[in-house]
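Quick one: structure below, then a few questions.
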Amino acid sequence: DFLRALEEVHPLFGVSEEDLERCVEGGIIHFSPHIDKILQNGRDFINQVRTNSTPLLSVLLHGPRGSGKTALAAKIASESEFPFIRLVKPVDLVGMNEIQKIQHLSKIFTDAYKSPLNVLVLDNIELLVDWVPVGPRFSSAVLAAIKGLMENKPPKGRPLLILATTSERTVLQQLQLNFNMQIAVPNVNTQHELAHVMRESGAFADADVERAIGEIEQTTGRREIGVGISKVLLCVQTAMQSREDRTGRFAEVVSEAVAESVG
Amino acid sequence: DFLRALEEVHPLFGVSEEDLERCVEGGIIHFSPHIDKILQNGRDFINQVRTNSTPLLSVLLHGPRGSGKTALAAKIASESEFPFIRLVKPVDLVGMNEIQKIQHLSKIFTDAYKSPLNVLVLDNIELLVDWVPVGPRFSSAVLAAIKGLMENKPPKGRPLLILATTSERTVLQQLQLNFNMQIAVPNVNTQHELAHVMRESGAFADADVERAIGEIEQTTGRREIGVGISKVLLCVQTAMQSREDRTGRFAEVVSEAVAESVG
Amino acid sequence: DFLRALEEVHPLFGVSEEDLERCVEGGIIHFSPHIDKILQNGRDFINQVRTNSTPLLSVLLHGPRGSGKTALAAKIASESEFPFIRLVKPVDLVGMNEIQKIQHLSKIFTDAYKSPLNVLVLDNIELLVDWVPVGPRFSSAVLAAIKGLMENKPPKGRPLLILATTSERTVLQQLQLNFNMQIAVPNVNTQHELAHVMRESGAFADADVERAIGEIEQTTGRREIGVGISKVLLCVQTAMQSREDRTGRFAEVVSEAVAESVG
Amino acid sequence: DFLRALEEVHPLFGVSEEDLERCVEGGIIHFSPHIDKILQNGRDFINQVRTNSTPLLSVLLHGPRGSGKTALAAKIASESEFPFIRLVKPVDLVGMNEIQKIQHLSKIFTDAYKSPLNVLVLDNIELLVDWVPVGPRFSSAVLAAIKGLMENKPPKGRPLLILATTSERTVLQQLQLNFNMQIAVPNVNTQHELAHVMRESGAFADADVERAIGEIEQTTGRREIGVGISKVLLCVQTAMQSREDRTGRFAEVVSEAVAESVG
Amino acid sequence: DFLRALEEVHPLFGVSEEDLERCVEGGIIHFSPHIDKILQNGRDFINQVRTNSTPLLSVLLHGPRGSGKTALAAKIASESEFPFIRLVKPVDLVGMNEIQKIQHLSKIFTDAYKSPLNVLVLDNIELLVDWVPVGPRFSSAVLAAIKGLMENKPPKGRPLLILATTSERTVLQQLQLNFNMQIAVPNVNTQHELAHVMRESGAFADADVERAIGEIEQTTGRREIGVGISKVLLCVQTAMQSREDRTGRFAEVVSEAVAESVG
Amino acid sequence: DFLRALEEVHPLFGVSEEDLERCVEGGIIHFSPHIDKILQNGRDFINQVRTNSTPLLSVLLHGPRGSGKTALAAKIASESEFPFIRLVKPVDLVGMNEIQKIQHLSKIFTDAYKSPLNVLVLDNIELLVDWVPVGPRFSSAVLAAIKGLMENKPPKGRPLLILATTSERTVLQQLQLNFNMQIAVPNVNTQHELAHVMRESGAFADADVERAIGEIEQTTGRREIGVGISKVLLCVQTAMQSREDRTGRFAEVVSEAVAESVG
């Protein structure tokens, strides 16, 4: 009945395929050549696994909070059109104890091994091992399980691509949670990139873009932006709420974000 | 029966709507323009969520103990007239173990997702994660749950505003418990503001107000007050108990509070 | 059956009303004006709650070990003649686990809320949270429960006065266990106060009192006493056991206590 | 059934009255006036409790390992001829968990409260609270229980004398485990005292005694002995095993013990 | 039923004999005389146990990650053709609690003792004791079990060779997990060795080999390689994916690996 | 059923009398006068207990790993021909939890108390208390149990000799695990002693012995050996496997062991 009990463990929140879509709701804006390269790399990994030349490949997308790691991983995974695609995120494990988490993760791997081509997205993998910055603490049992599962060679003919994301890369190194490949996901870093995003959003005229950029530089006293795409898009949204000077409001909130990222 | 058991978990104390009202029993005194701005911001957040332009918005009200954080959050929430408004406070979780707390919190979120418009007030959120200053200690499991729940995008058409309060903002930063917006709630800081509260209380004549202010400055040797609105109102109450010199008694107890806040 | 089990939790030792009386068995000797002031303050608190002007008032009596904190709190509580008076002391929780302790404490509060006027005496509150000086250690779960229960506003018309005692005030500050009011309980500090206690005890003639005081000063080389009323009364008892020189014996044992308190 | 289960807890080893006797199997040798004073003090405590002038008296016998603390406590207790005498020693708690230990100790106190006159001997009280020197560690739950039980006033007419022993007095102070009275138990410290023990043993002629003392001084290069009575008696036993020079053998093994106690 | 429950513990993943084969899927390339010596030593150990001259022999293969420890241990074990050969690897213990892990490991040893000749491969033995680098942490219960099992002499006529692998040799020393013999497994360290691997792979012409070596030296600025055979073989695979300049691609990815190993 | 369950606890591996014999399989080589003295001491302890002059005697054999502690303890125990002889070693406790270990150990003592003459061998006693060097960690519950059991006087007429072994003497001192007597077990330390072992082994001619000694001195550059008898005998075994120069091979492997012991 221990085993039966374990089988009965269900995540509190669904893991349906629409999860993947929701991760790229904000679309993918090609604000920098890095974005294209990341997606190209992703397609290469997919092919490498599809041809079974490497039956097990683990890739880590790392970068600042809100830089778009999850969206990019989801994009790569969904474009693969592999029969088994699964997104695992921290909230899925909420309310489980260590044993249940391990059983849940194990089941995802064994489910994958029933399909001929597989992609797993392990989102915010540092939180999957219950890592918290104070202490620091983490679940060494879940860590050992993920490590064991990630290094265990799949059965013949069941190649598996693992895409993991993290904003705590050094933590993973300290935990010796290793990956075959690593990809850095950048912030919106230059004025040029910011302008690109503004234009793509369709919410600003060219003059607005220039004015906003100028105001941000003046307010913050610096040309570097260093804000995640996720926050930039939120700033656009916020600015749109303004009934008067949307461009001014955009410059204002982006400036705050720039200041915060420096501070 | 594990799941059934979890469903049976009830807080020791009720969470009825009158809870919200009790939080603003002392009313809201507009002793400073900050108060108006906080309430305006609150109305903006409500609208932003109501129009579904941002389906998930988390706001932190932080400030010294007794500065009125809970009252302001309750005010904003109850003015929204959203169909689902819920106040979660530490005593609600008393007597539960970690799993039960997580289950209780999860249920509140899933309950919210059944309603088209939602506000959650997470009061003293640092205590919700069982934080205690010595050690320091906290429940990393409950922290992970709250983090996961707070960052999990609501289902389509179920926008959610989260209002959290804390007097331990740096703790939240250390725990990487992040919010989209932050609002500082101030103490009663100036003589002018204190005079405002005294007058609003209807318990003092104008001459009394001036005399009290003068005596406080003389006793404490300083013009800054730096006492929470909650304590100031208690001082009014205490003074009212005095059968003789209410103004003098008020000056006395406020002076003690000023000294304590400096000490 | 979890709830049922919890209801079945009973303290190992009775908590009948005679408990309160036993705490003041040694009577209250008014050896210093502080004692009168403390009792007056106590009566004021009782009235403040009785008139419902403050529905929840928490007061901490702090002072050295044996200074009479428990006796004074018991005195104030029993003089109130409130329908619900309850003394909670560490030994009541012996043999309970954390959950049972929390449940026991919660039940005391909910019991109180059934009565129109309530006093709770939380004796040695630092031990109620399982505090031990080495480590230091304490039960953060019980601490959180007591904190939550003490800050939770009572239902309408159920005003509550909480009288807590401690000889570890700085510990409570570190644990952020806050009170609305604090009262310091003093030792028997001066020769004058010691003489007062000796006379009140009816065991010594006036000449004896003077002689004892003189011998103590000579033996210890200091005029300050700094011994708790509880220990002084024990010294009287011990001296009474002597079949010969009771005064000399009293001076001897008090001198030892003075030396120990300095050491 | 929780309570029933607790009642069923029995110590692994019997606690019959013959336990007390076995503690003084080696007799009491009056090798120093301190021994007489300790026994006299013990009789005084017994009387003080017997006359109910002090209904609760706790006394700590502290001293080096093997100095005779347990034997003296057992002697005092058995001479009292009180109807309830109970020896509690660490091995009695072996195999119990914290709850069972606390229940076991609580039961001993409640058993005592059924008798009109009581002595409890808490042997090696630091081990009763599971103290171990590395860490250091101890059971804060059992500590809290013993503290609570030891400070809890007995019911009317059930006076109780608690005799505790320890070779770790500073540990008890750190744990704030307090006693009303403290008695130091000494080692066999002088040549004179050692000679006394040798003679009392009936195993050595006067010349042997002198020779042994001389050889010990020569071997160790010091006049101080500093060895527990328990070890000295073992040395006598060992020497008796020797078929040849018993005095020489005695000097040899005592010298080793002296060296060890210095080292 | 405790025992029955323990017997029912099964690893999440099978431990069939094909496990051993999968470990040497990449073959054994004799890129250095060390490889031959390791295999010869392995054969010697097998014989020593086969002749029962040493009924219990434990050997540790240690070296950098990916240096081929598992492949070599599997090779030695499978060449023995002993009736009982068993590979134990960390993922086998995933989802078990401490007791179950210990029971699982114990059962493997007792199973072995039913066969006349036995080899056990304990792969990544530091992970078998749940070691994680942060803290550091490990399961002292499983460690004690493995230590006890590894030092326990087999029954008569049941000689046992234990081959353990680790990339954390100093950890094992700190844990006092001792072995009778230790063998160091090297990386591909020299240009000569790298050339050997390239040629053996059959994927490069002699001119390609020379060119690649030259490019790697130029890119990295160093003649030492210091990359595990496992990574080198992955580089070959990756290069084969390239449709154009496979040699250049090989040089590129090996150079990255060299840089990483130095970094 | 708690007690019943405890009674059902059985060690994973048998503890039959042949265990003792297996410990001295390598025989006892009298390579040094210390060996004779240790065995003579052992016989004395046996007699001392047999005559009931000391009803409880605990002896610690301490020395470097592999120095022969277990073999000597087993030899002494088996020569006693006492009706109850029991060897307790760490692997016996594998798979038990703390309570079960304590129960297992308690049962061994109570079993002993049914026999008129008893020897217990507690092998590697530091591991019996679950000590691990990192942390360091140990089971304070099992430690307390062993301490309590070892200091508990046996019932009348059930004298008990406890022989414990350890290679971690300072650990035992830190844990305050005390013994009545201590015996140091030496390594094979001198060339003379090594020669003795070689000759006794019957595998080398006198010339071989001299040559080996010479080569070892030359290789290691030192005259001291400092290798446990256990390792020396393994070196003999290994050398015997060599088909050519057994003496040279012996010198080689002993030299390695010498170097390692110095290192």
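Labels A, B, C, D, E and F are assigned to the chains in the order they are written; within every chain, residues are numbered from 1.
The rule is short, and it goes like this: a residue touches a chain if its C-beta (ideal position, glycine included) is under 8 Å from a C-beta of that chain, and two chains touch if they have at least 3 such contacts.
A quick note: this is a predicted structure, and the numbers were derived from the prediction, not measured.
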Set of chains adjacent to subunit B and to subunit F: none
Chain whose mean Cα position lies farthest from subunit E: C
Size of the rotation, in steps of 5 degrees, that lays the CA trace of subunit A over subunit F: 120
Chain at maximum distance from subunit D, centres defined as averaged CA atoms: A
Whole-Å gap separating subunit A and subunit E, where each centre is the average of the chain's CA atoms: 33
Distance between chain centroids, defined by C-alpha means - subunit C, subunit F (Å): 58
Touching two or more other chains - residues of subunit A: none
Topology of the chain contact graph, where touching chains are joined (line, ring, star, complete, other): ring
Complete ring sequence of chains beginning with subunit B, oriented so that subunit C follows: B, C, D, F, E, A
Touching residues on subunit C, where the partner in the complex is subunit D: 5, 8, 12-13, 22, 65, 89-91, 93-95, 97, 127, 130, 132-135, 137, 234, 237-238, 240-241
Residue ranges of subunit A in contact with subunit E within the complex: 2, 6, 44, 47-48, 53-54, 99, 102-103, 106, 110, 136, 138, 140-141, 143-145, 147-149, 151-153, 174-176, 178, 180
